[in-house]
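Quick heads-up: structures coming right below.
Paired with subunit B in one complex and with subunit C in the other, subunit A is shared by the two complexes that follow.
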Partner chain A sequence: MNALACSWRSLVRQPARTALGVIGVAAVGALLFDMLLLSEGLMISTRNMLESMDFDIRVTSTDQMPGRGPDIVDGPAAAALVATLPSVSSVITLRREDARINQGDSRPAFGSVVGVGGGFGRPWTVLRGTDVAGDQEIVINEFASQVTGAELGASITVRARCADGATSPPPMDLRVTGIAEFTFDILGESSVGMTDISLADACGTPGAIPADFLMVKSGGDPAGAAADIDALSPALLASTNDEAIGQLQQRGFTYFRQISTVLTTITVAFALLLITVLLTVSVNQRLGEVAALRALGFSQGRVVLDVLWESVLIVGLGGVLSLPLGALMAVWLDSILKRMPRIPADLHFFVFQPEAIWIHGVLLAVTALTAAIYPMLIVARLPIATTLRNEVVG
Partner chain B sequence: MSEVIVSAEHVGREFAMPAGPVIAVQDVTLSVTEGEYTAISGPSGCGKSTLLHMLGCVDTPSSGTLVFGGNDVSTLKDRARSLLRLRQIGFVFQRFYLLPMLTAAENVELPQAEAGTGKDERRRRSLELLEYVGLAHRADHRPSQLSGGEMQRVAIARALANRPRLLLADEPTGELDQATSEQVALLLDRVNADGTALVIVTHDPDLAGRSRRVLTMRDGRIEREVNR
Partner chain C sequence: MHTHRRRARVTGRVVACALFGILAVSTLFAQEAQLPSILVARQLAALEGIEIGDEVELTSGEPGGDIRRFRVIDTYEPTPDPMQLGVASRGVRMHLTDLLALTRDAATPTGTEHVEGINIALQDPEDAREFADDVNARVVGAYALLAEQAAGAGNTFVVLERFHMAIATVTIVAATVFLLALTVMLVEERRATVGVLRLIGFPARRILVQVLIEGVLLAGVGALFGLVLAVVSEDLINRFFQWQYDTALVFVHVTPTVAATCLAIAVPLGAVATVVASWALLRSGGLRLAKR
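Entry: the complex of A and B
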């Protein structure tokens, strides 16, 4: 009978202790798995959202995140200027403001309105109906449709509340041409898409068409196109998707990574202590047996290997269980975090990546090995004769 | 003349204790030859078990020389001493120390597996040994399903698994009642009669009386040697 089989029998012999260890590792492993998904989840999810829009460059007036810094004062002019570059394929302006909409006497829906101008591409996907083709047309999301009861062809009233607009902008009646899914839709909020001119009217400043930022599609070399845009005007700062993700990582997302790192360290340390304590207790209960085996000629390596296999089996079984458990917990925790205000519906905090599985496996393997060190030392250094004598005297 | 298996020349064993060194064995000289049957007796704490452990190469003398099979034990590394014990020495303990998660047959197989014996051969030898100790019908029972005497007989079968030259038993009847002790004693007689040298440590005068040589120890020394 080899060391693995002996260790397995040893675990089966003490089912309560084994179950405690396996369940403990499964719980800790699940947390560890979730922390791995969390550490990169927001970044991957954001990247996926950015790339889903078919634009690879954002142009702002400062190095602030789009929508956080000052507007580009004349959006259409800036877009036209950028569109002259041969490295650029398409440019649109994008401006987002808060808005309240309702249809007749219907319950109002609160959310945002997005004004878009310029070339091809929109930050929404039309699900039913047609896209906005003129200044009196809008698309709305499913939530807005459900709350206001507005369907295709309906006229709804939009009351915008704009950062740089009039104090009391006039309500505007606009026709719904389509039901759309907005890339940055927020759960429980309405989204309205219209032209930049319509939004300027809705803000009560028809002469001015600012833009939060420009969205640019390069001709295939986003870095080159971004450099061309930067060189075009000192008032325009271009960042590719990669650069935008890099900025997010440096600013907002570092907190998640730090939290993830701290919790990962704590969970691994907890697993380490749990397994070390369980194995140490187990080994201490069997010192007489171990000494007897050594007296019968079992090598130091063999009895050490028995302990190591026990650790590996407990951590292995717990680790396997931890994956589905972690996946369930990730879904649950994601749904809790997404209840925070103004979180886009398509944004996820916990995102599965294949690397997470092997990193999880490596961390648990290291944990199993490290946790076994102390009990292995006990066994390796066990004085055979003294232990046998003490066992009898005891 | 029979070949010497193990010989001790003026061996002593001293233990460092917080209150000062304790001398467990001092200036003991003896040898154990092929096929002999020796009992070591004496009061508790006189050094019987310590001497047995040194003869069995699980402990090394603080002084003197111990030679097993022609090798000075103090020069052997741990791995070499483990191999020596595995192939040439069998141990029987007062508390049996059978592995509780294994069956009787598997317990007997264990030292053979460590020695690299093939699976089929291990199984055959285990059943043969269990038959030898009268427990073939208990081969698939776990220790918890065996009586004390049965466990000790399985332990003897395990000690014989790798055909040792020397069987060492430390109070083999220490935890058994009189009737069961008699069964174990008879089995040990048979083991010796079949050619295995036997050294037992015992308080039991009846068991000691079955051997051909009785060494009586006191204060770490061999006080008396009786040969029959």
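Entry: the complex of A and C
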């Protein structure tokens, strides 16, 4: 019988102990797997969202993140200026404000209104109907449609509340031409898309069309186009998708990366402790048995290998179980974190990545090997004659 | 206030050292008396090299907006916000009248500006609900909310607390399994001893009580050790993360409630794990347990 089969039989002989060990490793391994998904999840998810918009540069007025700093005072003029660059393919302006919408006497829906101007591409995908073509037209998301009961062709009233708008902007009646999915839709909030001119009217400042930021599609070289925009005007700061992700890594949500690192360390240490204690106690209870095997002619290496295989089997079985368990837990934990205010519906904190499985496997393998060191030493240094004598006398 | 849509421009320091004599000092005092005062966020002061006593110019950021001079009388520590971790605060705080004067457009008559909210501290916080109902019944155009309602169920802190609770639950499950495995093995190790005790007349109930007391003692000592470790490391963890993020946010705080919850979970869990692990053993006969 080889070492693996022998170890398997040792484990099967003590089913309760083995089952508890495997379940313990599965629980710890699931937490470890989730922390690995959390460590880069937000970055991957944000990158996916940014890249899905087909724009590779954002232009703001300061180094603050888009929407957090001061507005670009004249959005259309800035967009027109940027569009003159040969390295730029397309430019749109974006402005987001809070709004309340309702259809007739329907229940009001609260959310945001996005005003877009300039070239091609919009931060929404039309699911039904047609896109906004004029200043009296809007698209709304499914949630707004459900709350207000507004369908294609319906007229709805938008009351915007704008940061730099009039104190009491006039309500505006606009026609719904499409139901759309917005890239940065927030769960449980209404979204309305319209032209920048319509939004300026809704804010009660028809002459002023500011923009939170510009979105630019480069001709193929985002870094070069961003440098051209920076050189164009000191009032415009361009950042590529990669730079935006870099900023987010440095400034936003780093808390989750930190907590992921801390919990990864703790879970690995916990798993190490669990397996070491299990194997050590198990070996201590079988010292007589091991001494007998040695007396029968089993080599030192062979009995040490038995212990190592036991560790590998417990960690291996627990590790395999931990993957589906971790996936379920990730869905649960993600749903908790997504209740944070102003989190886009498509943004996820736990995102699967193939590397996570490899790192998970390597960490567990190292844990299995490290945890087996002390019990292997006990077995290796076991005095055969003394142990057998103690067994008989005891 | 935050300066999300305000543009701050530092014009330079007062060249106090260039002023000589009593007349000059008097002039400086007169200027200081005239300039409205502001507080600057500690991080903004560090970023821009602003010092206490400096003059700064602020504008609303609107085209053609008024530019006004202020004197920095101190710095302040911004209210910690987990969503702003790693983001240097660029806020200043000023008197509301100064803010309204700075942001008011020509068409808005003085005294008709709006504010986003009013925070009210009551003599007796217990009256909050009644007070809010009263305001809502009497004041048109304003809506009063209790502080916890204003924060909302989706508040970042509340969500983070739920997330930590979920992680803690998973950790407790893993720890319970660990504890069970350990107690099963420890009980197995004492199989012969228990057998002998049974053979010399100890009833199973008596041994079970002994095992239970052992479990409670072990779990209690373990839980206390854990609490001491948490209290000792609390300051260390806070200092590290406060340094890391340049924030006053408190990351770990072992409150009496947290300590009591830990004890309330850990001690019964340890005791129950010991009893459960011993149960099957004690149901076996003394001879069977004692046999070699």
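FYI, the second predicted complex is superposed on the first by the 394 of 394 C-alpha atoms of A that agree within 3 Å, B and C clash if a C-alpha of one lies under 4 Å from a C-alpha of the other, contacts with A are read in each partner's own complex, and residues count from 1 in each chain.
Keep in mind that, in the parts below, a contact is a pair of C-beta atoms (placed from the backbone, for glycine too) under 8 Å apart; a residue touches a chain by one contact, two chains touch by 3 or more.
Please read all numbers here as calculations on a predicted model, not as lab measurements.
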| item | value |
| --- | --- |
| Comparing the two partners subunit B and subunit C, which touches a greater set of residues in subunit A | C |
| Subunit B versus subunit C as contact partner of A:T60, first or second or both or neither | neither |
| Touched partner set for A:R9, first subunit B, second subunit C, both or neither | first |
| Which of subunit B and subunit C A:W332 touches, first, second, both or neither | second |
| First, second, both or neither for A:I23, with subunit B first and subunit C second | second |
| Partner chain in contact with A:I384 - subunit B first, subunit C second, else both or neither | first |
| Touching partner for A:L278 - first (subunit B), second (subunit C), both, neither | second |
| First, second, both or neither for A:P70, with subunit B first and subunit C second | second |
| Residue ranges of subunit C in contact with subunit A within the complex | 4-7, 61-63, 82-83, 85-87, 90, 108, 113-114, 152-156, 159-160, 162-163, 166-167, 170-171, 173-175, 177-178, 180-182, 184-186, 188-189, 241, 244-245 |
| Of subunit A, residues touching subunit C in the complex | 16-17, 20-21, 23-24, 27-28, 30-31, 64, 68-71, 73-74, 163-164, 167, 250-255, 258, 263, 270, 273-274, 277-278, 281-282, 284-285, 329, 332-333, 336-337, 339-341 |
| Parts of subunit B lying in touch with subunit A, wherever the complex brings them together | 49-50, 53, 56, 58-59, 78-79, 82-87, 89-91, 93-95, 97, 99-102, 106, 109-111, 113-115, 158-159, 162, 170-171, 174 |
| Contacting residues of subunit A [partner subunit B, same complex] | 1-2, 6, 9-10, 12-13, 288-289, 292-300, 302, 384-385, 388-389, 391-392 |
